[in-house]
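Across the two complexes that follow, subunit A remains constant while its partner is subunit B and subsequently subunit C.
Entry: the complex of A and B
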């Protein structure tokens, strides 16, 4: 799988942030080399064998690395491969967790968070861990019952946000000469969907309540907790692991993006109609479809939420409005049942991507440059003079702007010779913008941006390392003092160990890091849109 | 470059077709562009709201949490230090889990399993190694030197010898792919 320099850099930074520099080194070498066996990997990374083994285990556990029997036939060593896309998903984890929260509450939120952090988990393990966490946050004396967590888990599986990890046939030994070796099956995360029991919940014998973790119990608690964790067999779902179904979340994000675009372009009611249509089509529309299944106006009317009490003729008017809108969110495909309508998924994504590109040009180069850019997007090829006229921009400035856009590769020059000898004086030079390659370019810029944001955050943290450590130590002291019931003056004495200017510096550091983190999240929204658009063009070809 | 006038900028196409005259060319670059150039249009503010704040908090929490999970693999520390007193308590407060997480071996290739039995073999191997020719010669020459210098300096020599032997062995072992616990080796020789 080809990977750009920016993707590689970003993957490295993300791996380092989540799993440390050892895993980062292993992951990066695998990314660069494509496919490697264990021995080659050790050789390239120059790390000790045991660390490389552990790193590969982690990467496989997290669903980012797959392994397969060697290509050169049986007996060849196992080969490992990293899926760059999965690594980049780590950027989006907060969004997945927040979505789970909005759909299924705190319980759903914690379930998805635990599974994301650990890559894959059994249902029983998830239920007990989440119940414990929820209990910890509840007032004294209350406990979270396992059954509530089981319900939330089941709903996540029913709606396909969680899926079973693809199964693996037992792996044989891969040392040389193993004649009886049974090479492990190819496990590619994409294959999860082909598993027939992909969304089938196992029958588990699990009941109980979350345990509150007490600090004074200490070792006793730890040993029982550990025992409960490793002893999955008593619950009946040993070997059945669950992972997050990223594609399902992405469909949800796509739908949300379309609905919010309708809100800003038209109005709330139109967006509710579109939302209803998308909801009705959730199960019937395949993942990469260009548009939803056709729905009749009658069906849509019946399915509208009860809070939206609009009359049938009004609905028809809204639908007409949606169909006529240049964004082409909704299309009309027939006349039966009061009119057959579809949501144009691929068109919507293309338009959202286009709006993003136009917005980027506007914010970086001004509204007149944006006008030129939009013009070229719509009219395809224009000569210098035509650009000046259509955009209503004076010649000299138009030239400047075009030159700037050209140097940034947002606009291209196309030569059309009039004569076979390509004489410059007899050749048309046309400016043009091609949406797909420009979107790819912007995507690379986004990857680079996030990489820069992460590096800056690391730099800021490093610069203030001493101060941060001091502050953490003092917080720990304060926490333990408070727990043992110290007097107010003792607490203030400790607090004063941080001077006022230091406090200010810490505050400013926190502010910067918050900004950098928020920026990362926001750039990822753009990344998602553009990635979705590029993906949609691949399948419609 | 051959053109209509050496040294004078000449283009291969008619630039008037593009509408650019000679006079309107931007100045020649004098070195690389500045690292943080002045931007004409300041970027807009970030989206600020409950959702964004919550997601940012989620991100920061997750970052902190991931560092404590067993998936975060630390490089081998140089000398195995005496475990600090506070480590026991920081581990508990931060709920750092066991350094060694055990994956489900049914789902991974067997070659990834750490091999425990090799360490035992290593013990015998090392005794054997100590008697290698190079070391013998070193020892003999050292002993000769010691005789000459007398007992006063013998302690220092011993330590230096120990270190050297350790280094020599480590170098030889590194070439071997089956090698596992490097730390154990180092500890063993210095003892």
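Entry: the complex of A and C
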């Protein structure tokens, strides 16, 4: 799997932030070298064997590292490989968690958060952990019942947001001509989707309520914890692990992007119609399809949410307008059932990607450069003079802008010689924009930008390390004093150990970190749109 | 002693010329060489040619090219008198300039066509200019280039740049103002359509404006000192399309309806963008001019970036 320098850097930063330096070192070496076996990995990273083993374990658990039988034939050591894409998904974790929250409430949010953190979990484990966490935040005396968590979990599985982790089966055909009776201790992981029970909930015997974790009944906690451990093995879902189905979340994000584009361009009602169409074809449309399955106007009419009480002829008008719109969100594929309609997924993604490119040019270089950029996107190839005439920009400025865009590789120059000797005076020089390569370029920019934001955040934290540590110490002291019922005077005394300017510095630091954090998420939105577009072009060839 | 053959009829050169002139008067659209030959079959080709050349040089005959050969036409007296007193070379240059029509011709091109040396050309041009027979017009394409055309001709748009140029300067402000006005007109029309709360089809159709409507609106606004044609307005509307603010459809229309050109009408309407400014441009890196030079540990790095520092404190 080819990887660019920016992707490598970003993966390294993400691994370090989530798992620490050791895993980061192992991970980056694997990324760079492609495929390695354990011995080679130890040799390259110069780390002790057990640390390397643990790191690889972590990465496998998180689904980022896969292993396969050695290429040199059975009996060769197992080889490990990192999936760069999965590592980059870590950037999007906040978005996944937020989506789960918006769809299934706090319970859904915590379920997804827990599973993302641990990589893979059994259902029973998830349910008990989440119930405990929710109980902790509830007012005194209330508990979260397991059944509620089970319901939320089931719904996540039904809508395919969670899926069973692929189980690991022993390698099929064993060594031929092998006198050794021991089958190779190599196991082969399989794809999650191929498992027939991928979305089947196991029957688990789980009931109870979440336990509130108290700091004072540590002993009581331990005994119940021991009891809980023995209970776990009786739940009946041993060995059935669940993971987050990232592709499903991505489809959801894609649908959201399309719907919000329709809202911006047209109106709320049109977007509701498109949302309904997408919802109806959620499970029937294959992953990278160019358009959803055809839906008849009758079906759409029946499936509209009841809050949108529009008459049938009006629906037909909206559908016609959607089809006629230059953005071509919706297409008409037939006339039966009142008209068959599809959502043009690939076209929508291409439009969104194009709008993203135009937005970048506009913000970075100004409206007139954006005008020239859009002009070239539409007209494909133009000479210098034609650009000036169409864009109505004076010649000198147009030349300047075109050269700037050219130096940034957003615009390319195509030479068409009139004579075989390619003499410059007898050659056409045409400016052109190619959407796909430009999108790839922009994607690398995005990766670099996120890397920059993360590094700045680490720098800011490092610079203020002393202050942060002091603040944490003070808070710990305050917490313990409060727990032991200290007087107000003592508390204020401790609080004042942080001076006012230090407090201000801390506040400003917090503000900086938050800003950098939210910025990462914003850039990730751009990354998602462009990645989806690039992926869609690969399959439609 | 050989007998000199004497032709029966007179082949006096002047007679030939007069006869040609009479033929031209007979056929005001012009006569071909064939016609002259038919009329005077006894005249040899060489004599015919020299007669025609003489008539051309004194400016009484015009040489034209038609689809099937050369045509000779009688030049009207007035223009003939204009160049009287000028010598052949000047007449030749004048002819070339006249042929260039209202697009004008560059001095170097005159040189190619007439095969006269540069100094001669310049002298002649100065002469003709002083006689107010030709004038020089600065071309908008290359500001140093001067094209020559007849004095009383209106220069063609490609030379002066049309409505958007005044004295060789592109009127950017004027174009900007027109751009904004057209957009405001289309936008308000779209808003009015949206607020009317009618059925969606009616709403969309009423948000459209034909190029003719926009043209009328701009003319009535009176912000333009020069007369703008509907095509001029359409070029402005096209820039709005490239700004992503407007979209266009073409519909078939009956000939004769107002604003209809070749059975078609162009409709424009204001549109909204499909996305908000994208996440990347909300960060300083997205707009950074030295993005490519930045890396950790270098002189420009995220840790010491001044743009970041400013942005964070904002």
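Here is the rule we go by: the second predicted complex is superposed on the first by the 509 of 541 C-alpha atoms of A that agree within 3 Å, B and C clash if a C-alpha of one lies under 4 Å from a C-alpha of the other, contacts with A are read in each partner's own complex, and residues count from 1 in each chain.
Operating definition for what follows: a residue touches a chain if its C-beta (ideal position, glycine included) is under 8 Å from a C-beta of that chain, and two chains touch if they have at least 3 such contacts.
Just so you know, these numbers come straight off a predicted model, no measurement behind them.
Chemist: In the overlay, answer first, second, both or neither for which of subunit B and subunit C A:424 touches.
Modeler: first
Chemist: Does the superposition put A:395 against subunit B (first), subunit C (second), both, or neither?
Modeler: both
Chemist: With the two structures laid over each other on chain A, which partner does A:364 touch: subunit B (first), subunit C (second), both, or neither?
Modeler: After superposition on chain A, A:364 lies in contact with both partners, subunit B and subunit C.
Chemist: Considering only touches as defined above, state whether A:21 meets subunit B (first), subunit C (second), both or neither.
Modeler: Only subunit B is touched by A:21; subunit C is not.
Chemist: Check the residue A:456 against both partner chains and state whether it touches subunit B (first), subunit C (second), both, or neither.
Modeler: In the superposition, A:456 touches subunit C alone.
Chemist: Considering only touches as defined above, state whether A:53 meets subunit B (first), subunit C (second), both or neither.
Modeler: First partner only, subunit B.
Chemist: Going by the contact rule set out at the top, does A:519 touch subunit B (first), subunit C (second), both, or neither?
Modeler: It touches subunit B and subunit C both.
Chemist: Which partner does A:100 reach: the first (subunit B), the second (subunit C), both, or neither?
Modeler: neither
Chemist: Using the touch definition from the top, say if A:65 reaches subunit B (first), subunit C (second), both or neither.
Modeler: Neither: A:65 stays clear of subunit B and subunit C.
Chemist: Please report the subunit A residues shared by its interface with subunit B and its interface with subunit C.
Modeler: 363-364, 395, 515, 519, 521-522
Chemist: Within their complex, state which residues of subunit C touch subunit A.
Modeler: 164, 170, 172, 175, 179, 194, 199-201, 204, 235-236, 238-239, 242-244, 247, 271-283, 285-287, 291, 294, 296, 301-303, 305, 308, 311-313
Chemist: How about subunit A: which of its residues touch subunit C in the complex?
Modeler: It comes out as residues 260-261, 264-265, 267, 269-270, 314, 317-318, 320-321, 326-327, 351-352, 355-356, 358-360, 362-364, 367, 370-372, 374-375, 378, 390-395, 442, 445-446, 448-449, 451-453, 455-456, 459-460, 508, 511-512, 515-516, 519, 521-526, 529.
Chemist: Provide the residue numbers of subunit A that touch subunit B in the complex, in ascending order.
Modeler: 17-23, 38-39, 42, 48-51, 53-58, 60-62, 67, 77-78, 93-95, 97-98, 113, 117-119, 165, 168, 170-175, 184, 215, 218, 226, 230, 239, 241, 363-366, 384-385, 388, 395-396, 399, 403, 424-425, 427-429, 476, 513-515, 517-522
Chemist: Quick check: in the complex, which residue numbers of subunit B touch subunit A?
Modeler: 12-14, 17-20, 24, 26, 39-41, 43-44, 46-48, 51-56, 58-60, 62-63, 65-67, 69, 71-76, 90, 92-93, 98, 102-104, 106-114, 177-182
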